[in-house]
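What follows is chain A paired twice: with chain B in the first complex and chain C in the second.
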Partner chain A sequence: MTYKEYLLELKKYSPYDFSEYSDNSIQRRLQKVLDEYKMTLEELRERTINDNLFVEQLVNDITVNTTDFFRDADIWLEYVETVLNKLSARQQIKIWHAGSSTGKEVYSNLILLDELGILKKTQVFATDINQQVLKEATQGTYRYSNNIKSIETYIKILEANKDNSSIKSINLEKHFNINIANDQLKVNNKYLSLPIFKKHDLVQGAIPFEEKFDIIFCRNVLIYFNTSLQTRILKIFHDHLNTSGVLILGNHEGLTGFFKTRFNRLGSFFVKSNSFHFKY
Partner chain B sequence: MKRIKTRQITNKYTVRGVFFGIVFLALSVLITSNSYLFVSQKGTFNDLFKMYPGLWLAAVMPIAFGIIGYYLAKGFVKIIKKQQQLLNKEAQRSQIVFDFIENLRQGNLETAIPIEQETDKLGQSLYRLKDFLIKNKLEEEQRRIEEEQRNWVTQGLAQFSEILRNSSDNLENLSYNIIHYLVNYSKINQGGVYLLNTKISGDKYFELKACIAFDRKKFTDKTILWGEGLIGRCALEKQTIYLTDVPNDYITITSGLGEANPRAILMVPLKVNEEIHGVIELASFNLFQPYEIAFVEKTAESSASTISNVKINIQTSNLLKETQIQAEKMSQQEEELRQNLEEMQATQEESERTAIEMKGIIEAIDHAAINCEFETDGTLISVNKNFLKTFKYNLEEIEGQNLRIFFFKNDLPELDKILADLKNGHNFKGRVRRRNKTGEEIYLLSTYTPVIDNEGEIIKILSLENDVTDQVKMEEELKRSKEELGILLEEARNEVKEQFREMESVKIRNEKTLEGALDAIITTDKEGTVQFFNIAAEKLWGYDRQEVLGNNVSMLFSADTIINDEFVRTFVTADEKKVVGERREAPIKNKYGDEIPVLFLLSEAQVGLEHSFTAFIQNVEVELF
Partner chain C sequence: MTNNNYKAIVIGGSAGSFSVVSKILSKLNPDFQIPIILCLHRLKYIRSGLVEGLNLKSKINVIEPLDKEKIKSNTAYLAPSNYHLFIEFDNTFSLSTEESYNHSRPSIDYTLSSAAHTFREKCVGILLTGANKDGAKGIKDIFDKKGYTIVQDPETCDIKTMPQAALRLFQPHKIMSPDEISAFLNSL
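Now for the complex of A and B:
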């Protein structure tokens, strides 16, 4: 049995379809699972068919949940200046974080919205395929030692760019409850109830909400998909963006297929264009 | 009886004396009577007495001996009596001693000794015996009590050590078990266990870990600082404190009878090897017995060592837990690291994928487009083959040249403008005219894109161009011929217009004629929709034409007729071959439902693809006046 055959079996017997994930990556992740459980693909298939809970665990094991507060700090600077500042006059702002992992990206965003004073009129949705990380996300509690660095890095960059940025600095205590003895870093309680965290598999298409969004974050998720799946997901995003809505992808991710022409570049971001014609 | 006995004795002895006297007399008589003298004389009995006057003496002998016997006996009896009296007295004494001993035996040590002369030996020794016995008994009692207490203590300690042995690794439970057992076993009213704790600041304090019926007035919270109060003193001195004079406000015992001050308070330090772990405090309405205190002290000792063990266990298990958590953290971190690596690798692979795609695009561009790169002042950096082919230069000829060489003189201002725009970061797109090596003009569709580095500096300009010279030439040609064609077209259009006008007027003329005809006339299209309905038809059917036009012609006939009459059926049904050019009689149905027989003549007309049918209808009914 090849791992591809296994993925087809998984697709057949479970709600999950990883068959269009990027070959090399999914193979490495599966190999890791096999090593950890000391199983062959055939045995893995048996477990998959007979054990629903195991499948959930498998999803947890396969997915890569790497994330960080203010990951790629420069991008967040640019985000505040070119995206948020433009939206701040709006009545309401709707944001979707697709593949939100443990929520650090979501809370980073909320902190910035709060700093700009537009938190109240923002509605934030966050989805992930991995139930486990969503649970962590709703708790908003992280390890201090692992996260303080990235936050401080962002603060440093903010302070270095004081002169041409709307947010001059960030007060750690204002946004986080810190307990160093317990190695705990918890986001301010007021943020916890704001985002709507929902389990959702991008591969399955149908979106669990009606809304159209002004901003969609989907960072470092597409790298795990092959090109045709990427294109399909981009269509979902395109369909769920308001005109002039902004799509924010990971640093090394870009548009594929026809969507290259359905978005305009805005710095590092992509803005949904209202023209469907190839512009010469 | 004794009297009788003494009389018997006197009687016996008197009789025996008399008898002895008689025997003596008889013997004397016999002897004398047998004597030679007497025998020789042969005298009478009286003679005998005369012969031997001593016989008279012998004759009184029985009386004499009787009297002697009597008195002798009397003397004996006297002695016996005396002896008997003595014996009686002795017997009496023995009885008293016997009774006394019996009493002692039965444990009545308090009985007085009824012997007058305590000085006598027996008395004295009896006294000594009594004292000895009393002492013995007291000692025995004491031993019994001590034995009991010892048993109480041993049993208590055994049970207690059982409790300690079964104690869990939980200080609260352990403390509770200790105090619960102590209070119950010693029948004390209340008690508590204070354990020594250390704050993060390093300050030591006692914490009330467990208590039975405890109600401290002074200390509302359950902690007492090191050295504070009696508890503190007890720990500081490492000595038991026993208080019988309890301060009024120290502790009250709450019981079914309400609150009351205890009579005694006992505080025992919990210490192992002189190290204090806490203090046990007991309060009671009764005084504590020394053995009870000793018991509490003993239990305190073993409690302390158990507590110290439990503390060590807790510490160890905490350490173990910590190590476990550490290990878990490490495996978590390992997974995180692994995921980080995976993310990096996936990113790299994605970048490679796009890079390959880009390479493909670039190759395609290289193939298809005229490509060059130049600096912001127009100096060429590189060109591709298409470029050389289009401009008819060799590579050597243009290396290091400026774009200007490809411009006609009067186009040069345009170049300066484009370069200025590019310097500002704008793209250029458009159709441009260039000059090749041979001086011919070529047309290019060009895009110039500034390539910007991370710092926002323009490094170079990328130019992609298509040769549209042919296209431009063709377009020009086309334009020319288009203009010619335009004139022709206009003429044709006018002609057609004229024709239309004519046709329209013919149509109107025809319709007018038809309208004015006496015959009823209706026209339908291929589908059977009524297109024309003249006045005569209006009269015949009674319908206004507005009611008919646009509807299907079948409304003008009855359903029966449509089914049964071949002519009508084919007339009203689309796509049926109709009966054309023949007169036919058939009934129509007017607005009021009356059927009227009429004569039909159907004619067909075709204009382009449009078929139309016109029916001429004459009323055959003769109107009777």
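Now for the complex of A and C:
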């Protein structure tokens, strides 16, 4: 049995379809699972068919759940100045984090919205394929030692740029409850009830809410998909963005195929364009 | 031993490798055609200006590829900070943010093994100075797939750990100083 054949079996017997993930990465992730469980693909298939709980664990193992507070600090600086500031006059702001993982970027975002005084009029949705990371996300509790450095890096960059940025610094105690003895960093309680976390697999298309969004975050998710799946998901994002809505991808992700023509570049971000024009 | 049909030169390095890579790129023929793929350990939290630094002296353009970007000739590609860099069969790059490997992201083993898998005998692997063993297994993969392998002479390394880890695993085709590596590349 090849790993591609296995993925088709997984698709048949479970709600999960990894068949359009990019070859190199899905093969490596599957191999990692086989090594960890000391299984062959045939054994993995048997277990997949007979054990739903195991399939959930498998999804947790296969998917990449890396996320950080303020990952790529300079991007968040740019985000505040070029995206959030322009929306601050709006009555309401809607944001979707697609592939939110454990929610660190969701809470990073809430902190910035709070600092800018626009938290109350913002609705934040966050989705992920992986139930386990969503559960962690709703708890907003992380290990202090693993996360403090990325937060401090962002604060340093804010302070170095305070002459031309709307947020001059961030007060750790205001936004986090820190317990170093327990190696715990918990986001301020007031943020916990704000995001609407929902399990959703981007591959399945139809999204679990009616809303259109002003901002969609989907950082370092599309890199795991092949080009045709990427294009399908970019269409979902395009359909669910408001006029001039902003799509925020990972630092080294670009638009593929047709959708290059349906977004305009705004610094590191992509703005939905409604005019239809070809680019050669 | 070498053939003139190489599809990529893949270079891994860690501590001390910036100046070596910079020197190699500064001595390249400006019309050097074979794509060069660089996987260098770098700082995690900041864009360190590494690509800008390399471009100052390089004779060919150095860029950090985007995911799914096509590999082009006469270009050097640097693995972006905080991503693993892989090479796909359709001659494109793919990126991943999965767990660090050998405490490294980018991991040199990952990039080199992926290059070995994709390019097989049409790959040149070069492992430079560095302070850990990441890269040793990857360059051996290139060797095992009949690619051409060069390890920097430990005597010319700031830190010998990385080349020595490779030399413990296999005997590469050549052990060379940075100047010899430059001359070798220009002879291809």
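Criterion: the second predicted complex is superposed on the first by the 278 of 280 C-alpha atoms of A that agree within 3 Å, B and C clash if a C-alpha of one lies under 4 Å from a C-alpha of the other, contacts with A are read in each partner's own complex, and residues count from 1 in each chain.
The rule is simple: a residue touches a chain if its C-beta (ideal position, glycine included) is under 8 Å from a C-beta of that chain, and two chains touch if they have at least 3 such contacts.
It should be emphasised that the depicted structure is a prediction, and the values quoted were computed from it without experimental measurement.
*Asks:* Just from the overlay, do chain B and chain C fit on chain A, or is there a clash?
*Replies:* After superposition on chain A, chain B vs chain C: clash.
*Asks:* Should A:64 be classified as contacting the first partner (chain B), the second (chain C), both, or neither?
*Replies:* Both partners, chain B and chain C.
*Asks:* A:38 contacts which: chain B (first), chain C (second), both, neither?
*Replies:* neither
*Asks:* Where does A:73 make contact in the superposed view: on chain B (first), on chain C (second), on both, or on neither?
*Replies:* In the superposition, A:73 contacts chain C only.
*Asks:* Which partner does A:150 contact after superposing on A: first (chain B), second (chain C), both, neither?
*Replies:* second
*Asks:* Which parts of chain A are in contact with chain B and also with chain C?
*Replies:* Dual-contact residues (chain A): 22, 24-25, 29, 64, 66, 220, 222-224, 227, 250-254.
*Asks:* Can you name the residues of chain A that touch chain C in the complex?
*Replies:* 22-25, 29, 64, 66, 71-74, 149-150, 153, 220, 222-224, 227, 230, 250-254, 256
*Asks:* Which residues of chain C touch chain A once you look at their complex with the stated criterion?
*Replies:* Residues 45-47, 64-69, 80, 82-83, 86-89, 94-99, 114 of chain C touch chain A in their complex.
*Asks:* Report the residues of chain B in contact with chain A in the complex, numbered from low to high.
*Replies:* 336, 338-340, 342-343, 345-347, 349-351, 353-354, 429
*Asks:* Quick check: in the complex, which residue numbers of chain A touch chain B?
*Replies:* Touch list, chain A to chain B: 22, 24-25, 28-29, 32, 64-66, 146, 220, 222-224, 227, 250-254, 280.
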